[in-house]
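Shared between the two complexes below is chain A, which has chain B as its partner in the first and chain C in the second.
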Partner chain A sequence: MGDLRLMKGNEVIAEAAIRCGCDGYFGYPITPQSEVMETLMLRRPWEETGMVVLQAESEVASINMMFGGASSGKKVMTSSSSPGISLMTEGISYMAGAELPGVIVNVQRGGPGLGTIQPSQADYFQATKGGGHGDYRLIVLAPNSVQEMNDFVDLGFELSFKYRNPALILTDGVIGQMMEKVELSEFKPRLTDKQIEEKYGEWIASGKKPDRERHIKTSLEMVSEVQEKNNERFQAKYRAMEKDEVRFEAIQCDDAEYVIVAYGVSSRISQKAVVLLREQGIKAGLLRPITLFPFPTQKINQLTDKAKGFLSVEMSSGQMIEDVKLAVNGKTKVEHFGRMGGVIATPGEVVDAVKQKLIGG
Partner chain B sequence: MTEEIIIAGFGGQGVLSMGKILAYSGIMQNQEVSWFPSYGPEMRGGTANVTVILSDERISSPVLNQFDTAIILNQQSLDKFEDKVKPGGTLLFDPNGIIKEPTRTDIKIYKIDATRIAADNGQPKTFNMIVLGAFLKAKPIVKIENVKKGLEKSLPERHHKMIPMNIEALILGEKELIEVQ
Partner chain C sequence: MDELQLADIIKPENKVYGKSKIMTDTPMHYCYGCSHGVVHKLIAEVIEEMNIQEDTIGIAPVGCSVMMYYYLDIDWLQAPHGRAPAVATGYKRTNPKKYVFTYQGDGDLAAIGTAETMHAVNRGENIVMIFINNAIYGMTGGQMAPTTMIGQSTSTSPHGRDVEVNGYPLKITELIAQLPGSAYVTRQSVHTPATVRKCKKAIRKAFENSAKNIGTSFIEVVSTCNSGWKLDPVESNKWMEENMFPFYPLGDIKDSVHDDVEKYSVQKNKK
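Coming up: the complex of A and B.
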C-alpha cells in the first residue's frame, strides 16, 4: 500500500509530477487550477529531486519552455485552464510538429472567452480535434477521480515518450477542486543526463556528436515532399495509438438497453444516474472513455447490438456526441444532454434526460 | 452505508474545514470519501458550502441534488437547501441569525446554538467543531476517536497542541444538541 492521503485533484497533479521524476514544470496561474503550481512551490521539489518549477510570464512562454525542455529529452509539463490552453495551442501544434513529448493538463472552466471559473467540458473539440493548426492529434486522457489525477501524470509521460507526441490530461474544475482518498505513487528518480542520452540519444538535441548529423528540433520544413513524408509518419503514429492505446471503462453495459457515454466528472454523475435508473427497472449502462483520443469507437459500436439508444452527457452544448455518432454509425439514436457555462448537471437531470430523450422520445 | 451531506454557511465559519475533518475521519475508518467545495469569487462573509460523502462503497457522483443531511449555518443556506434534504433525512441548524425556521415535517430537525456557545466559552474558533459534535450526536457516522486520528493525520505537528481543545468542543456539541422534531 502506498501513501494514502486526502487531497485535491490539483494538488495530486503536482505531487504526481514530483514522484514520477518530472524534470520541469512551467506554468502561469489561472482558476480553477492554481493549486497545481501553489503545491509545487510549497513542496520545493528543486531541493528534493532537482525538478525545476517556474512561473513563466505567460502561457505562451510556458509552452515554449516546454518545447525547449522536451527537445533535450527532459520530462516537462505545464497546466492551465481553458483560456490559458487556448494561448498555448500554437506551441502545442509546434511540439506535435517537432515530435516532442510532454504532459499538458487542462482543468477546464466554462467558456467561450474568459467565460467563468466554474467547471465545464467545452474544450473537447479543442483537445481531440487539434486546437492548434495542422494535421496533428494529442493523446488525450480523461481522469474521473483524484486517484486517476495521480495515475495519469505518469501514464501521460509514458505514452508521450513512447509516441514522441504531447499528451493532454483533460479534466475539469470539479475533479481539480474536489478532495478524495488517493494512494500516491512510489517515488521514481529523475533520469540522469547519461540515462537520457542512452534512452533518447537518437533524437534529442544534446550537442552535436562527431558520428551523427545535428538534431534540430523544429516543426518547420520548407520542402513540401519532405513535409508530406513527415505528416505520413505522424498519421502512422496516430493510427498506432488508435490500435493500441484505447482505454475505457464499461459499467453495467452487458445488458444495457440505454447507454450513457460520459467522461470526467460527467461520468461520475452519470454513474449515479445509472444506479437510480436501475432502481426503477430501466436497463441503463455507462461507457466511459478514458482516452478521448484515441476514442473507444469499436467498443461503442459493439454496444449497438443491444442498445436502443445512446445519451452523450457532457458539460457542453454537445461535442463528444459527434464521435459517439460516428461510432454508432446510424444504427440507433444518439442524443445529448448537458449544461453549459459552468453549471454542473445533477444525477436527477441525467435520469430525466434518459427517460425523455431515449425512452419517451 | 452511504451518507451524503451538505454543509453550508458563511465563508470564514469553517464550513470547508469541518467537511475536511469529517472526510479525514471517514478515511480513518476505511471508508471512501469525497469533498467538493463551492469555489469562486467567495470570501469571508460570502456564502460557502461543501458536499461531503462517506461511503462503504466506491462513490459515484461527487455532485448531488439531494442530501441525507444538511448542516445549515445561515439563513441563505437554509432557504437554498431545506428542500434538498431527502424525505426522512436530517437537518441540523444553528439558530444564530435565522429569522425563518425550517418548516418541513417529513425530516428530522435538530438545533445547535454553536455560535453562542463558542462565544460564551471565549473560543469562537471552535464553532465548527461544536457543530460537528452536534451532528455526530444526531448521526454517529464516525467515531470521535477517528475524528481525533483524522486531526492528527491532517494537521501539521506544530498544531497538534490544538487537538484537545477541538475534541472538547466536539464533546460539548454532542451535549448541547437540541432535538426539534
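Coming up: the complex of A and C.
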C-alpha cells in the first residue's frame, strides 16, 4: 500500500500537483475551492520541488499566467469555482487556439451570477462545449471521489500535453469539500529545462536557437485559409480524443432496463439509487462518464439494445441530457432529474424519478 | 590625387550603421511615420548588443503591434488584449533566468489591462514593460484611448475628448512609479535622432535591470499615430511635441531599487 491518507478533495488536488511534478500553480481565492491554494501555500513546494505558487490578482490573471508558463513547456495549473472560470474563458480560448497544455480545475458552485457557494453541476455546457469563443473543446475529466481528484491531476497533465490542449477537471463542491480515504501518488520529479527541451523542443518558446526558426505561441492568424487549416487541425485533435480517450464506468449496465447517466457527486448518489432499485427488483444500472469530453456516446448507444429508458441525473436543469439524447438518438426515452441552486438530491429522489419518469411515465 | 571610388568608401571599417541581425526582412505593416517600427528597431539592437537572443522572450499585445513577432527574430508569446503582464509573469516565474519583456499600447496597457499592469509591477516582476502611448487606439481605427488628450478628436470622441464625459487622460506611468515594485520608470520618445538615442539607452538599462532582479523596468514611449490622428507624419511629430509633451513630460521618473520592506512590515498576527 502506498501513502494512505484521509483528506479533503481540494487538499488532494494540491498534493497531487506537487507529487506529479507540477511547475506552477496560479490561482485566486473562491469558495468552495480555496483550500487548493491554501494547502499549497502551507506546503511550500517551492522549497521542496521548486514548484511556483502564486496568488494572482484575478482569475483573468491566473489563466494568463498559465498561458505564459505553458508556452515554455512547463506543467502549469489553476483552480477556481464557477464565477472564476467564467472570467478565465477568454484565456482558455487563447490557450486552445495557441495549442497550449495545462490543467484547470472547476469546483462547481451554483449559479447563475454569484449564485451560491453550495455545490452544483450547472457548468456542464461551459465545460464541454468550449466555454469561451471560437470552435474549441477541452478535455474534461469528472472525478467522483477524492481518489480520483488525486489521479486526475496527473492524468489531466498527461492528456493535455499529449494533445497540446488544456484539460479541465470538472468537479463540484461536494467532491472538493468531502474527506475520504485516498492513496496519494508517488512523487515524480519535475522535468529539468533540458528534459523539457528534449521532449517539447519542437513547439515551446524557450528562446530562439540558432538552428531553428523562432517559435511563436499565438492564436492569431489573419490569412483565412491558414486559420481554417488551423481549425481543421484542432478539430482533428478533438476527433482523435473521441476515438481514443473516452473513459466511463458502467455499473450493472449489462442487463439494465433503466440506465441512470450521472457524473461527479450525482453519480455517487445514483450508485446508491441503483442498489435501492435492484432491491426492489428493478433492473437499474449506472453509466458514469469519466470524460465528459469526449463523451461516451457509443457506449450509451450500445446500451439502448436492452434499456427501456435513460435518466440523466445532474445538479442542473438538464445539460448533459442533451448529450445523452444525442447518444440514444431517439431509440428510447430519455428523461432528466436534478436539483438546482446548491440542493443535493437524495438517492430516494432518484429512485422516485426512475419510477415516475421512466417506468410509470 | 586619384578620385575617390565607391569601393573605397564601402568597407567594413567605414560602416557606421547597419540593420540589426535581430530584425527580420519581413516588410512592416505599420503606416509611414508610425513610432512602432522605430521602437522595434531599438529593442532589436539592444537584444543584439547584449547578445541575449536565445534568452529573450517577447510578449506581444493586441493592438497595432500584435504582429511584432514577424519583425524580431526571437521567441514570442502573443497575449490576449491587456494580459501581457500576466502572461509575462507566468513565463518569468517559471523561467527566472530569461529576459522577458512586454510591448503594449495605451489601450492594452492602460485600459483593458490596467489591473494586470498595476499588479505585475506591484509584485515587482523582473520584467521589462514597454508602453507605446500614442493617445489613441490605432489598430481598431482611431478610437479614444485612456491617454487621449482633452479636446483631441478621435472616432469615438469626434467632437474632442470631454472631461465631463470621459474624465482626464490617464498618467499611468506616474502611477507605476508610485509602486514599490517598480525599479526604473522613464518616459521617452523617438521623434528625433537625439530622442531615439536616449530611448535606446533607456531600453538597454531596462534589460540590464531585469538580470539584476531589482523589480520592474517600465518605459513609456510617447508616440505618434498619424493615421489615427489624421495628420501627416511631420505634422504628427509637431502635434505630439506641442500637445502631448506638456502633459506627458519626457525624462526619468524613478530610478531606485525596492523601497525598504521594513517600512511595510507588521508584527505577526498569528502564532
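The rule we apply is simple: the second predicted complex is superposed on the first by the 361 of 361 C-alpha atoms of A that agree within 3 Å, B and C clash if a C-alpha of one lies under 4 Å from a C-alpha of the other, contacts with A are read in each partner's own complex, and residues count from 1 in each chain.
Here is the rule we go by: a contact is a pair of C-beta atoms (placed from the backbone, for glycine too) under 8 Å apart; a residue touches a chain by one contact, two chains touch by 3 or more.
Values in this document were obtained by computation on a predicted structure and should not be read as measured data.
By the touch criterion stated above, A:Ser206 is placed in contact with chain C alone, chain B being left untouched.
Of the two partner chains placed by the overlay, only chain B lies in contact with A:Val275; chain C stays clear of it. Applying the stated contact rule after C-alpha superposition, one finds that A:Gly156 touches neither chain B nor chain C. In the superposition on chain A, contact of A:Gly84 is made with neither chain B nor chain C. In the superposed pair of complexes, A:Pro294 makes contact with neither chain B nor chain C.
When chain B and chain C are set side by side, the one touching more residues of chain A is C. Using the contact criterion defined above for the overlaid structures, shared-chain residue A:Lys74 touches chain C, although it does not reach chain B.
Look at A:Gly338: by the touch rule set out above, it reaches neither chain B nor chain C.
Of the two partner chains placed around the shared chain by superposition, neither chain B nor chain C is touched by A:Gly309. On chain A, the surface touched by chain B in one complex and the surface touched by chain C in the other have no residue in common.
Listing the residues of chain A that touch chain B in their complex gives 4, 6, 31-32, 117-118, 173-174, 177-181, 265, 268-269, 271-273, 275, 344-349. In the complex of the two chains, the chain C residues touching chain A come out as 53-57, 59-60, 66-67, 69, 73-80, 83, 86-95, 98, 115-116, 119.
Interface of chain A with chain C (complex): residues 23-24, 26, 52, 54, 56-58, 60-62, 64-72, 74, 76, 90-91, 94, 98, 193, 205-210, 214-220, 222.
Interface residues of chain B facing chain A in the complex, by the touch rule stated above, are 20, 23-24, 27, 32-37, 39-41, 59-66, 154.
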